[in-house]
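Single-structure report; data block below.
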């Protein structure tokens, strides 16, 4: 599609990284703002312009040069660093005073380093990792955790509403990433407990779906229990939030815990169990596949 | 209070064990049925008859002799065994064909053994452990997991509605206890994950309440997160479900897992962490005190 | 063979339980003392009298009736209880003032209960679990940990030298079993560490035998490293101390830890890993098969 | 002291980093070779020249400029990188074809990177971490694990004999560090098992020294048990290999495990337990202080 006439209040924006998450996020953005996209693999950028009203650029630098706000949603630390501060990097190409919002889940250290680099380049930086998964991105119902100057986060808020049902500032640059780490730490122990419970239910000869039906109204309830029990019972893991993404995030959390002197025994242990899931071929399986680890062992018996 | 005239459909019932849970449960029961209570320590029985319309008996055998249905809510395996099959035990004193419903959290083995003993005594047996805590008992909003013959569970259902908002049969005798074990297994890993997360949030310099506010709408959400984060942040543990009760239940789960060949690595580990909470003086603290263990270590630093 | 003429200092003894351990132990005993054996499965008793100079009895009671000292080496708690205090049990058949020495690895509770039962029967009791494995039993080079009255242990010492290279009293009845528990607790963490190390060496592309050669002279050295690295590298586990025996012993240790308020996080965790080895078919494999658990996961990758 | 006349076969060598380990190592070296030392804090270098026959240099570059072989024993990755490739770095100052042997425990990645940098600078590189502790260094009885070209390691061997009782090449550059990681992985689980065992012995009312006496001859034996049980029983940890060093090494091992797809559940867990020891004030305590963690919890009870 071609660009529509700008709506009142519409900003010039750029979205870099049209992966599972970025593609639909940029799409929601385009409903209210002018969007120029860039993706390393050109095909995703072409596909995006077929679906949504917006333009594509050939290089990151070109993509950002007129933007008021730039969003990116890439892979890991090294990817963000490459795009922002590498050769032909985005920061030096951005307009003075413009705002860069990074949706990638990275280390807090990387966020702080990018924050400093942005300041040096005369640009404002907010780290803003998301949760809600592919479905949250597609439905425009993500949760966003921001770290940055209050003024910058306030300015972002109405724009983020294009794809977020919740967005909140948690502190200075890096605080968004730290909050995302808390999220992943909570999930690690929780999912392992759930996996042990469902496995026990099966081994005990109970109907695990009936068990979940009765216990999911009380103290054992969790989002994971309600949204994953069925696929876990069916041994279906080809969807959702990938184990290798989870390990990336837990790696950041464990390294940060080393620095801030947290004690993360079960997080560290479950991260190793995820390494065993990867050895079972599950690098791209949903995080609920901790059950597959427990059951693989049983299958052979 | 003295006994009211029987309502239509009212049954002759007995309630044994007027502890934190049994006291209010028996009270709710008395609103619709004739209730005779027994408690080992006589004072609780007196206090109960002051609050509720019902009678007290001097011995368990006397308490049950005319009852259509007998309920008990005691401590652990050995207590149930003592009351049911010990000297002057309840099973031999019950009317032929009457129904015994045990709300104590016990091993499934004990439930099965009591089921057999009941049959020999011409009595029907249902194991029916509960969840929902003191508040659930007081509000009449417990969840009940039943194991027993279908007919027996069906017969119990309308009576249990006096204090349950949910009650479900999961299988033959023992299935209620097995389901409760699944519940506790799920909680163990979940609460440890939550404790690690909140501790990390504090160490990272975040406001943990704000963090919970933002992450509790997504994949990390749990009943424990929503209902315990505030007291955890305040280091308040003098309430709720006691660590020593939890260890009793996990002990049953781990022993059953040994039998049914489940793998429970994190459950076993967290049970040991609870032993460390006990060493900190926390045998009666709420299960969320896993955070106290992580923080005690830090406090001293 | 038939009984030889009694040597000077020779005692009338009985050995019950001619399994992997008891068979050669009773054989060594017969070199210096009169021995009557009993084994539940008669064939082992016959085979034993073919190999060694001694007699066999048809029942445990008959086997012990003239003995000064009775030794047994059975399976687990329930086996010892059955043989000692069950129908036709040994304690009531023993001569007043005679001495019973139990080599089975049991709970300390069982040992104490047997101690009390022995006293009631006018018999002395010493718990004396062993370590050293099948080879130690065959070579007469076991280590024996005794719990009992000092006088009783002193009296046993010269007799135990038939098959022990070390025997020591550690305290009152039960202390032998408690010491054996310490032994197994130490082994659990140690073997898991060793398994992780060897697995890492292979994954890192090192020659694990060369690695062990160089590190086994320093702070990482252990009996397990020196005596198991080769079979571990070869994935050979059909020998040694069986995983299911280990789990029995760890079960006793974990239950005792619950009582004496020990904290055993890694012991509890490794016990669960052993449950995973069992699911891989390894109930009878040597305890070093924790490596098989780590590698099974990798094999599939 | 001043330099002695060169002995036959004596080489011109340099030793950089005169810490707990390097100080005595360089001393042993000086007994057979010409040694020039450099230490960041000048006082240690002065103290060294008072004790041993050798010279000191003011800068690393000056220290190495005439050397045939250069040894260093520094802190962590970033320290080695700074000294070797930073401003005024050693590699560019060394003679073409000379040999650099790094005794620091680092990541294998750093070793490989330094190997490449050395080649670019026309210098040969061998990573050669040691084990044996302060005492091993003082007694000249270290174990050394080498990674490098065969020829280079062969050339080093006779020189390393100044302070090593064992030295072995395990593979190409990096293999020394990988071997050291195996060593630390084995120790982590082993020491935790030992700590749990000794704690259990005390809680069980046994005399832990007597227990160790009897079990240290069998399958539970380890260097750690024999060399640490006494100090552990006495709660003495102000010596030995510091917890914070151990965590550095485990951090390298866990990161490498992530790369080579090892599964290190107990290593990861014990690393977190060490973080708890640090919170107790034990960053500089010996690694056997895992027992202090278990006991701190009990002390308060």
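We just call them A, B, C and D in the order they show up, numbering each chain from 1.
As a convention for this text, a residue touches a chain if its C-beta (ideal position, glycine included) is under 8 Å from a C-beta of that chain, and two chains touch if they have at least 3 such contacts.
Predicted model, so just to flag it, every value in this text is computed and none were measured.
K.L.:
As a test of understanding: of all chains, whose mean C-alpha position lies farthest from that of chain C?
P.N.:
Comparing chain centres, A lies farthest from chain C.
K.L.:
Counting shared numbers against all numbers at the contact of chain C and chain D, is it over half, same, or under half, different?
P.N.:
same
K.L.:
So what's the Cα centroid distance for chain A and chain B, whole Å?
P.N.:
Roughly 39 Å separates the two chain centres.
K.L.:
Roughly how far is chain B from chain D, going centre to centre by Cα mean, in whole Å?
P.N.:
One centre to the other, that is 54 Å.
K.L.:
Give me the residue numbers in chain B that touch at least two other chains, ranges are fine.
P.N.:
In chain B, 257, 261-265, 269, 273, 276, 278-279, 297-298, 301 touch at least two other chains.
K.L.:
Within the complex, which stretch of chain C touches chain B?
P.N.:
Chain C residues touching chain B: 247, 251, 257-258, 261-265, 268-269, 271-273, 275-276, 278-279.
K.L.:
Under the stated contact criterion, what part of chain B meets chain A in this complex?
P.N.:
108, 131-133, 136, 143, 145, 165-166, 168, 170-171, 175, 178-179, 181-194, 196-201, 203-207, 210-211, 213-215, 217-225, 227, 241, 253, 256-257, 260-267, 269-270, 273, 294, 297-298, 301
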